[in-house]
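Worksheet for the structure shown next.
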């Protein structure tokens, strides 16, 4: 009996094709990155510091100009747009940033911070009653009191500030929210609050997230699919469960293995891969596979061939490795 | 900032005195026409070079003595306050506005604007400002306005540098990234996000700059390049009085003391503001 | 077994201009040779303040050690004159800091920075110290140590810098190593390397490690025993398995439950702790955790529960008796 | 001839702010050969200069500090003696051959310091060199001279294009310096400017720029070896420090004192301040062509309003003497019968009322910063009759730039100015200010113009004196200026020094003597 | 590093070019040397003739081009008043200004470095308070006023030191103090705050954790690091030192570059004015170039990049 065909996928909301960024220093921060973000999903983007994930978000937001490739969002190609034309795109694409202490202007009142996108896009007048009402609504949605409007950011704790940042991102009712490490600066006991909030908002408002993080445990809890980045390239992309249980790329594998698990018994029994050597500098990447210098499974070919993202057994699972990991069962 | 300043002020006795002195100087300046015992320019050649009240030969009604044209030193010091404050504040304001604008623009946009402005600043720094003052005064004649212009035009560099440095670090902060992602334009970001965040350092340099400008005005007046003589100034009184240091020390000493006291008070207050603006430095 | 370091009822105050802050309130702990004690807590829990107090590295003023004792080698470190204290720092007790970027002097070669403590404590000559420094770099797994000893911190990667910090700390073979968030600033793959390195060095030199961290994963991987801190107080102390399997303090339990885990499939909402960690400037009365505690009793807001032993080797500070 | 009194050199110390007040007053201080004194021993005399010489080439300088040094190294054709009489220098005597020719008979057996003879050829060379545009000389007195003719080795004729009755007087300073032709031709101009060789009482030793110039006595001087063995000019712009140096024995003579500075010395024993009459006159130029000052009653009123005696006493500490017009009393042409304006506020007010200015009016009074006090005091006195004169001070260089600019109104309705007539002939005092076509004139009076022409073009003393007398009366009547005073020369000397200055101001030290050595 | 040097030298030349241009035009705004050279009674013809013989009647652009091309060959033109090459005139005064600047710098450093260190290390103590009070007074007092007071006290009243002039080391004392006072205050303050910053750095804590004494930690790890920002400011201070030299040299009749500049300005001696301005600017930018380069030497992060 033939399996029923999966329902046809909706067209992607955000689609990257061969996006590349080379800085003037010749450092290639983002190299030939392509992926889709489907409406309503959370695409996780995971990688270590310096892998280019933050640059990639800035390219999508057009805060940094790309050197090549295409970025399609909601039917428009972004890289060709002029700054003026971008304004309408920005209404549908907002960002939540990492550091809740730095991402809010310390000299502005919370109400003005949250209302700023509305004002910039001409939805309300600054300090108008309409602005206050809308801000109150938004603050309520992220679990803050309406009275918070007249206070300054420094009067709030880190978690509360991140809620303010989320309220600001939601003000224009965007379709896509790019979340750049939104919880990594928060205390452990607060992270869960924010993750839950974001999940709830996504469900209520049909949001799509591009969720960037270096923290695998957060990723597993929030992402629908996960893309793994190493030295400017996507090396593996899969459904979250597939990626965490059956990674194909040795880099993903070693990341998962290196991340400690908060359970001493599990830790004692895990097979751990401890990589040798330093991560290569993005200014001087190795030839061929960018991971080969640290890869436990590297062979000579890896130095000559740059492996393309290739489809793996599971549907929608791709990995860029000539010799993918066969068995990752010991990972838990 | 204000409450923090007041709190810091409560703990700092020197600053309390300094703020008191500044208040006094401002009051004297504002109300000079009401409180000065004499017209500062009224001459009485019969009463020239009379000493202050506690000395022999003093003239009643002339508390701090008279100068060589028989004008009342106290009244002249009081009126001199006005020029010093006016020049200090106006020149600071001018250099602050120019410097902050240049600093914000070059710090935010970087690129050619920054290059042009910073090279301009280099040229300005390398160029002896006395020459600029001289040229302007020589061409346009001495006047309060031109004096302010000269001081303002030579003083912008320190602002521009500090503001640029601040902006360079601010523009990397995430709230600027957030504003750009929202769609704010460069000018919007500069006005709404950058300027409010450099108010504290601006106020600090501004305060210190007022003192520097007062000294600069005095120096130029001392060199005879300052304000027109119909207005008594501390610098020109000092220059006048220097010749009489031995016999009639009071002319130079009181005006010099007025300069020192005022700049000292302003500098102490500026330090207080600096500490408040940079709590890291304060609490360490 | 005997402790190489023992802290009893330590109290530390910072007397600032306007306020007095008490980051450490009655911390007690002990650690034995070859053992790793993890001190775990969120920001503001007092864990780093405790660590710095051991070597008396807080600047005085504003810091004052207002109570308790710190025993090492039979002496109370809080009572030692500064001179003798200096002979202990970096020699008997050494420390590794969180940020290897700022903790190394950018203007001195790493070799010189290692050699400094060798010359100081072991009276080595310049050349001897230099040779020893190269050896220390080799021990912490820095390739090509002869050449790299002459290089400057900015020429090293983050992981390599932390290795240098460890080399400095271990150069004089201390009995106790205090590691303050040694891997927090590092990437996960590098973090694994550093933890492996520390474990290997501990095995080799047998020093006790006091590991300060907020990361329960790191605790689970490295620690023998765990001290949980909250609001400047110790709230639970037990062997690592006990803490994770049967926490006796509601805070520990809530923390473990709220943690997102990479080994558990997602989907279900997480179980967060409501509210925020206490503010040092206005700590809540009574048990510091009571405003966020699901099980709080009325008296929790007025009574500070002492850390009491509930089972052999397992202490907790909670008014609720028994296991949760 | 009002020479280099205005800003040039003195600005320096003004800019330094070191002699704020009426610097110009004392700046012409000069020593003049003094007589008497004991036998010469090996002695050194140290004299302060307010500013350094610019060059030691006498033809390339036009300022007193340079001249003060050079007059000791060089000789001029004629000399002003201690009683201000014009006597022979390198020329023993002279006469007017015709309207346009002056003949000079030279002293014989005079040699330059290098042994080169000083003869008619040298004189002719010097005159020609001075008037050659290529020399770029700032000396202007010889503008009428077209050339010098050697008649015999000791006789030379100076030819002018128009009559120049006071040419011999003009040759007593800047214009009359004789330089060695061979030496200059051999060594070049630049070398000469650093190592001057003249015929004067002292030979050049050393020049440390802006610090000091050292001269040695010339044993072969034609007028006898000077009693001072070594003469040092020390550059000290600040009068208070030079007075301090005088008191500490670092200096013997402090020149260029202002009245204020002179007061600082007080009654310190061992030193004295000498006040000697000078020829520099001060006055206020009025714009007679426009505004309220067009009315001569107003101009007279302002003259009556001024209390010049009080100004002299209070502002100048008495170091000046009242003059009725622009002419100092020592000058040829001065008429003692011309009476100065009386200080009379009532009369001034009534004259103003007559002219329709009973309520007074406002105008600007410009002056150099160097003359700030006196300008302000004048403004104060004018205020008493209701005339508000706002003082506008300009740094000396700017002041001078405007003074000589083509725009005669560049300094406004009134400006305070000084003018030195070192030729001691009224002609010099009047030349730039009276005839309507002269650079600083703001007075158009045909009668005055005619009188100027008479005195300038006639060589007959009586004719000239008549013209001057008439001019002075006319100037009082028409009042195109506010007349003030002629300033005294002030210097401070140690008691061991014996010398005396003359009225015009160069530091000729040939006959200075030192006591107690 | 080479690229850095090349870039900085390029900047320096650009700045000098701009200064030369500005100086050229600005001095011509201020007035004419010919008017200052001639007595007021000179006729217009005489004035015109002198102006022509000096070349100041040529079109401005013409003069500018020949001035700039002259500069390429280090020809600053002929001083109008001294009748000598402007460069030569400057070189003659230079040693005196160097004497003064060196003495002032020496005074500055001798006073400010110990004061800054002590104040930083004993932060909050009575010593710190009195150092900071002196710093404030030093920064608040105009240089000319200091000079006048020093003359009044030490030369006039006590007669310990000469009031003005040159000749002996004693002559240097008062001017050097006058000139150095502001910089000393400035540097003491800066060193203090910079050192306080450095003392709060993690690597000082590392040094203390190694067992170094507080004093050793300051000397071995603090000073060099704290000197980095100070060095930069010392470079900029040269600017105020040069500006201050103008006033100080006036007050003390010190025949150096500062007074020469004022003389040139007074005479409106174009070539000399241009030359002194350019010279002062060159000294300033070259000192700052050297400072930048020495910064690079002090800091391996710059040196090795």
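By written order: A, B, C, D and E. Residues from 1 in each chain.
Everything below uses one rule, namely that a residue touches a chain if its C-beta (ideal position, glycine included) is under 8 Å from a C-beta of that chain, and two chains touch if they have at least 3 such contacts.
To keep track of the chains, here are their UniProt names: B, E = Peptide/nickel transport system permease protein; C = Oligopeptide transport system ATP-binding protein; D = Peptide/nickel transport system substrate-binding protein.
These numbers come from a predicted model, not from an experiment.
**Student:** Look at the interfaces A-C and B-D and say which one is made up of more C-beta pairs in contact.
**Tutor:** Counting C-beta pairs in contact, A-C comes out ahead.
**Student:** What is the chain whose Cα centre is as far as it gets from that of chain C?
**Tutor:** The most remote chain is D.
**Student:** Using Cα averages as centroids, what's the distance between chain D and chain E in whole Å?
**Tutor:** 38
**Student:** Rounded to the nearest whole Å, what is the centre-to-centre distance of chain A and chain B, using the mean of the C-alpha atoms as each centre?
**Tutor:** 51
**Student:** From the mean C-alpha coordinate of chain C to that of chain D, what's the distance rounded to whole Å?
**Tutor:** Distance between chain centres: 89 Å.
**Student:** Touching two or more other chains, which residues of chain E qualify?
**Tutor:** 30-31, 144, 156, 265 - these are the residues of chain E that touch more than one other chain.
**Student:** What residues in chain C touch two or more of the other chains?
**Tutor:** Not one residue of chain C touches more than one other chain, so the list is empty.
**Student:** For chain A, jot down the residues that touch at least 2 other chains.
**Tutor:** Residues: none.
**Student:** Quick one: which bits of chain A touch chain C in the complex? Just the residue numbers, please.
**Tutor:** Residue positions touching the partner: 48-49, 157-160, 187-193, 195-196, 199-200, 214-223, 240-241, 244, 254-267, 272, 274-275, 278-279, 281, 294, 332.
**Student:** Can you tell me which positions in chain E touch chain C when the two form their complex?
**Tutor:** Going through chain E, the ones touching chain C are 201-203, 205-213, 220-221, 224-225, 298-301, 304.
**Student:** Over in the complex, which chain D residues touch chain E? Could you list them?
**Tutor:** Answer in residue numbers: 1-4, 6-8, 11-12, 15-18, 52, 54-55, 57, 60, 62, 133-134, 136, 138, 140, 143, 189-190, 193, 209-211, 234-238, 240-242, 244-245, 247-248, 250, 396-398, 400-401, 403-406, 419, 428, 431-432, 438-440.
**Student:** Enumerate the contact residues on chain B facing chain A in the complex.
**Tutor:** Going by the criterion above, the answer is residues 173-175, 177-185, 188, 192-193, 196-197, 199.
**Student:** What residues of chain C sit close enough to touch chain A in their complex?
**Tutor:** Listed in rising order, the residues are 42-43, 157, 159-160, 187-193, 195-196, 214-221, 223, 240-241, 244-245, 254-256, 258-266, 269-274, 276-277, 292.
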